[in-house]
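You will see subunit A twice below: alongside subunit B first, and alongside subunit C after that.
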Partner chain A sequence: MLDTYREVVTPEGVALHLPAAGPVPRALAWVIDFLIRMAMVFVSGIVFGLLGRGGFGFQAVMVFLVYWFYPVLFEAMWNGRTPGKRALGLRVIANNGAPVGWLAAFSRNLLRVVDMLPFGYATGLVAGLLDPWGRRLGDMVAGTLVVHDARPHEPSPAPVKHALAPSVALRPYEQAALVAFGERGPHLTEARQAELADLAEPLTGARGTAAVTRLYGIANWLLGRR
Partner chain B sequence: MKQELFVQRHQPEWNAFEQWLDERGASAREARKSRRGWHGLADADMPARYRRLCQQLALARRRGYSPVVTERLQDLMQRGHGLLYRTPAPRWRRAVEFLVAGFPRLVRAERGCMLASFVLFWLPLLVVFAAIVWTPDLSSSLFEPMQLREFEHMYDPADPARKLGRDSGTDLAMFGHYVWNNVSIGFRTFASGLIAGVGAIVVLITNGIMIGGIAGHLQAVGHGDPFWRFVAGHSAPELTAIVIAGGAGLRLGLSLVAPGQKRRIDSLLEGGRRGALLCVGVLAMLVFAAFVEAFWSSIAWMPAWIKYTVGGVLWTLTAAWLLLGGRDRAHEDASA
Partner chain C sequence: MKIEALTVALRPRSAWEAVELGTALTRRHAAAIWKPWLLLSLPMFALVNLLAWSFDVLWLAGLVVWWLKPLFDRIPLFVLSRAVFGEVPTTRQTLHAQLRWGLRWMPAYLTWRRLSPVRSLYLPVDLLEGAQGAQARQRRRALGSPVHGVGTLLTLVCVHFELALYLGFAGIAVMFVPNEYLEQFGNRVWKLLQEAPVWITLLSNLLAWMAWALISPFYVGAGFGLYLNRRTEIEAWDIELALRRMRTRLLQAAAPLVLLLAIALALPARAQEPPQPAQGAEQSGTAADEAEDEDEEDDIPAATLHDIFGTVEDDSGLRDGIDAQKTQPAEPPVETTATAGTAGNASTGTRTARNGTGLADDRGLRNAVKRAYADPTVTPKRKIVTWKARAEEPKKPPQKPKVPPLAGLGAFIALVSEYGLWAVVGVIVLILLLTSPRWLRWFRRGLTRAPRESDEVRRSDADEPQAPLPDDVPTAIRRLWREGRQREALALMYRASVESMATRTQAVLVPGATEAEVLRVSRRLPLAEERDAFARAVRAWQYAAYAQRFPGAEDFERLLHELAERFAWSTAMPRGATP
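What follows is the complex of A and B.
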């Protein structure tokens, strides 16, 4: 419930990290989609209303399609995203990280009937909170997952030019943490940089600005900048 | 190897891969059209490049390279993975094949649930019908007097100008109404099966009682003729579709209650997949039924014997389709 990453090992034996989305962004996406659907029904109602009684039949078919197939069509044809999900940066994917197929999109949306019980998606909310990856019942049965789209962030070069070899051999995760500090530290305030660098006092043997400079130096060395 | 050197050495490869994804990965059809004008990474090399990328990502993780590098690689890999392992687009040929052969096969494969659903629907229907024909007063305990008057009004044999079973409205309007109403009932019957099957059972029994009650009442008060002429045509696909939707719902409920030797989630996945496939067939049947109901059943001047013959033919065809469809290829998995 606290760690919402789902790790999927692909056929190539590499782990994909899929950040599962929680109930709040999903509910907001649903509200956006709901407004769009209302607008579609409203507009088509005006258009078909001009056709007289026969238009009522088209309108009923339109309501049917918007109610049952709006999310299915968007999820299957638009890479797992309805307009609402796109606005919130969400995406539906299959459990194994592959894009969601027609059948899975169909069944996860059919089963909204159950997730909506007894009112306002209460069942879906409870299921989502109990499930480690925030899936509602429809997601579980269809084998799908709603994830956050990855947001790429650009590296910024460390503000220090020199390279400094670390005094002790570092483990891989320690190296990764230092390199990450080197690449993302410049985005932080000076005080926060110093605060973080203080944590590495055993390594740098310094505190404050001096420690920050040394850590950037070590990061440069680890990155291979000489 | 230091990170910068690693990046420097492989960057062009990643960029070529990314460019390929951006420009050719989106649509296979577009890619086929613009094959000649493309000078980047060859399509045939893409899987090999993808596997190299996976290896590079694993290396980068193991060597503790920064998140900027691993995230970039994971992003590329995820896009490649999505492309290589996407489900095939549905094809018309396969859709027709599914309706003709795969669907009946799937229905027969779930014959236990289908039989249970059949009994749950038809037993109350017939019992209530027989009871009301026997003692007509019973119908007033099932329906409000207002409702009863409405039913009688709809199938009034003394009013020859009216269409059968209709108050007003064009055939087209009624078609839309039947699609929305009946398919929604079918889908809900299936989905509510997830509540341990209880939802599907309730829907089946209530529908059985209601339909049996209306038919029994109209028969008892002497409005049977227009009623039977109206329902003869579309009853076969419509009632059968409701039974199948109920069976699919029972199957789903059973996956939850009695997963057998599978994990419960795997059992539910299987039940959901089959249920969704069955719902595709139910959708087709109910749209067909709505078509018949809107454009054929309501024709009032048609002699009764033609209507009953057509009804009989449709019942026979439905039964033959479900019992015999796809017999010749019995072992093929019905996945659409």
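What follows is the complex of A and C.
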């Protein structure tokens, strides 16, 4: 089955799914960061401009810092997220799912110089398109990965009140599917709900609306709503 | 098409993750996509450029090739829509399908939809579902509206990707120019670009085409990923898959039982079901679809995979393509470019003249031109008188008032920081010198680094061999307890109990046996009271070890007393390996 995450198995045998992010959202995040950086340079330019020639040095230092350290600082100190990445729901982590450290943040951002070659991040773009996990060269060297940060969603309210114990023992994937049905079912059309519930006829022993209600009941039971 | 044959893991994803899924699909089926893409696109590129060249409007060729992209976007879409269901089409199949598949939509996509920002999103809706008119519009709205923004951004980003690649390819040449020649090189390139000779236009077209060749399939794939995700969202494909699997499992498991029930209750309808579960499901599915189709007012349209992919497969042109092998392949690009070329030719007649064919015998013409220019009415001479100041006034006033307000402060700070920085450098150098005896050693040690110590890994104190049990166990335990080392007291009690239990049952415990394993072994103890006491000792230890909850002094004393009695601890213990 084709999927978009990188699977990392921890020493405890837990499979972590790291949903890798590709070039498109990353490019957008970069644009946002770029605009912020421009604004920073612009504002500091005004402030230091008041100091006359003496301000040039400070401005040069400022440009240097913004150019090289803006992403490093944000990634290392703000949980792997620059403002742009945060806006796009992205996060930089280490290859193995650990938080990104100072060293990795430094190396991946210093290697932007390579990824920018020959013009406009063309190298990084090609690397990102060809790599299964959308990494540019800097990521490969630093051993980092940009992932989509799952945003927690509110548990949806139960569509029916009662809970119903399933008549047979269900396997984990089946339980997951029934719970998903309980959560997402109300967003489907009624005909589609009935169509899906009809598939579970051996479990519910009913068809149509009755089957839908029973499936919701089973979902409630599986979720511990009694 | 059957949903059971899906080769991608479906789950509700965010729109951006759907984009990743689409690009991952493109990556996986790269060979199936790019082979036919190149086979069709390369001749088209050559032909368009040749035509444009012959009409001397070469710059137009790039535009035409770019404009015709939707024609080729059908290729990745065709491959992906089939590959998702496990049938990766061969190059031949794909090529044949291009003769018919989706051509109905091409007029729209080559004209007013060409610049649509959500082209990649609507392409699968139109081409795969084959709906018409109002239904198609409704379908596009239902599927596209929640991800309209993402689709637009996707297009925008991909356009910039193409631009970046185009400039990147062009920039490779600059990379190999040594710095000292850079200015000279830049001047020459600038002159070349202004002159725009044929080869440089051709090269530019080629670079642009290469950029499109790389990005375009990913773009279409990403749109297809968005489409798939939307269908998963509004039709819950992933749930359907899992429910189908559950149905098959339950029916297989229940078949004998159902048969019995059927015989007992005389329910013949039920007995027929198990052998053909899939068919039954499908029938019910299509029935539901038809019911839904009639319900026009539904916001989310009715179509589901079976009727949609089913009908599409019917007119997909696979079979037609194979039948049509003998017919001449149509060449849509040719016609379009030809018309475009002739149209452009009329407007740029002057360039034709300069380039050559009309200049065979032009001496007379040139003489005539010379004579014409000699005529004073053509280039009249005029005298213009103006006043000019004798001494040019030096112009400086506007500079003066622009001195920034805090210039004095700035100069002061600059002075201070200049010397301050030098001071900092001096201090750093001094510190380095003073501490050199310390850090120089690191380098020396680094150079002559001793080989690593043995690879033995010591994970925790648990690996340490444990001290043998004391002779008088209860006294030792009580002493530990009195000293306030309750945890160690309970640990010793646990160890002693386990050892006694092991000797008594003559069981061999594996090293590092868990509490549960020990308890399981302890069932072999002959007396119920012994088993009970042992279990309580284990429980007390577990509470202490994992929950930091210690028994009260009396409880502890009672337990210890009972254990000592049951296992006869006051005498010397037999020595052996602790578990």
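FYI, the second predicted complex is superposed on the first by the 168 of 226 C-alpha atoms of A that agree within 3 Å, B and C clash if a C-alpha of one lies under 4 Å from a C-alpha of the other, contacts with A are read in each partner's own complex, and residues count from 1 in each chain.
Please note the rule applied: a residue touches a chain if its C-beta (ideal position, glycine included) is under 8 Å from a C-beta of that chain, and two chains touch if they have at least 3 such contacts.
Predicted, not measured: the structure shown is a model, and the values here were computed from it.
Trainee: For A:96, is the partner it touches subunit B (first), subunit C (second), both, or none of the two (neither)?
Mentor: Once the two structures are laid over each other on A, A:96 reaches subunit B alone.
Trainee: Under the stated touch criterion, which partner chain does A:223 make contact with: subunit B (first), subunit C (second), both, or neither?
Mentor: Touch partner of A:223: subunit B, not subunit C.
Trainee: Between subunit B and subunit C, whom does A:66 touch in the aligned arrangement: first, second, both, or neither?
Mentor: neither
Trainee: With both complexes overlaid on chain A, does A:10 touch subunit B (first), subunit C (second), both or neither?
Mentor: Only subunit B; A:10 stays clear of subunit C.
Trainee: Thinking of the overlay built on chain A, is A:50 touched by subunit B (first), by subunit C (second), by both, or by neither?
Mentor: second
Trainee: So, A:173: does it touch subunit B (first), subunit C (second), both, or neither?
Mentor: It touches subunit B and subunit C both.
Trainee: Output check: A:140 vs subunit B and subunit C. Expected answer is one of first, second, both, neither. What do you get?
Mentor: A:140 contacts subunit B only, not subunit C.
Trainee: Is A:23 touching the first partner subunit B, the second partner subunit C, both, or neither of them?
Mentor: A:23 sits against subunit C, while subunit B stays out of touch.
Trainee: One more residue to check, A:106. First (subunit B), second (subunit C), both or neither?
Mentor: It touches subunit B, and subunit C stays clear.
Trainee: Residues on subunit A in contact with subunit B in one complex and with subunit C in the other?
Mentor: Dual-contact residues (subunit A): 53-55, 57-58, 117, 170-171, 173-174, 176, 180, 184.
Trainee: Enumerate the contact residues on subunit A facing subunit C in the complex.
Mentor: Answer in residue numbers: 1-4, 19-25, 27-28, 48-55, 57-58, 88-89, 117-123, 125-126, 129-130, 132, 134, 148, 151, 168, 170-171, 173-174, 176-177, 180-181, 184-185, 187-189, 191-192, 194-196, 198-203.
Trainee: For subunit A, which residues are in contact with subunit B within the complex?
Mentor: 10-14, 16-17, 53-61, 63-64, 67-68, 79, 93, 96-99, 101-104, 106-107, 110-114, 117, 137, 140-143, 150, 152-155, 170-176, 179-180, 182-184, 222-225
Trainee: Within their complex, state which residues of subunit B touch subunit A.
Mentor: On the subunit B side, the touching residues are 1-5, 50-51, 54-55, 57-58, 62-68, 71-72, 74-75, 77-78, 81-82, 85-87, 90, 169-170, 172-177, 179-180, 183-184, 187-188, 190-192, 194-195, 199, 252, 265, 268-269, 271-273, 275-277, 279-280, 335-336.
Trainee: So in the complex, the part of subunit C that touches subunit A is made up of which residues?
Mentor: Where subunit C meets subunit A, its residues are 7-9, 12-14, 16-17, 19-21, 23-25, 27-28, 153-154, 157-158, 160-161, 163-165, 167-172, 174-175, 214-215, 218, 222, 233-236, 238-240, 242-247, 249-251, 253-254, 281, 284-285, 288-289, 291-292, 295, 298, 300, 302, 304, 403-407, 409-415, 417-418.
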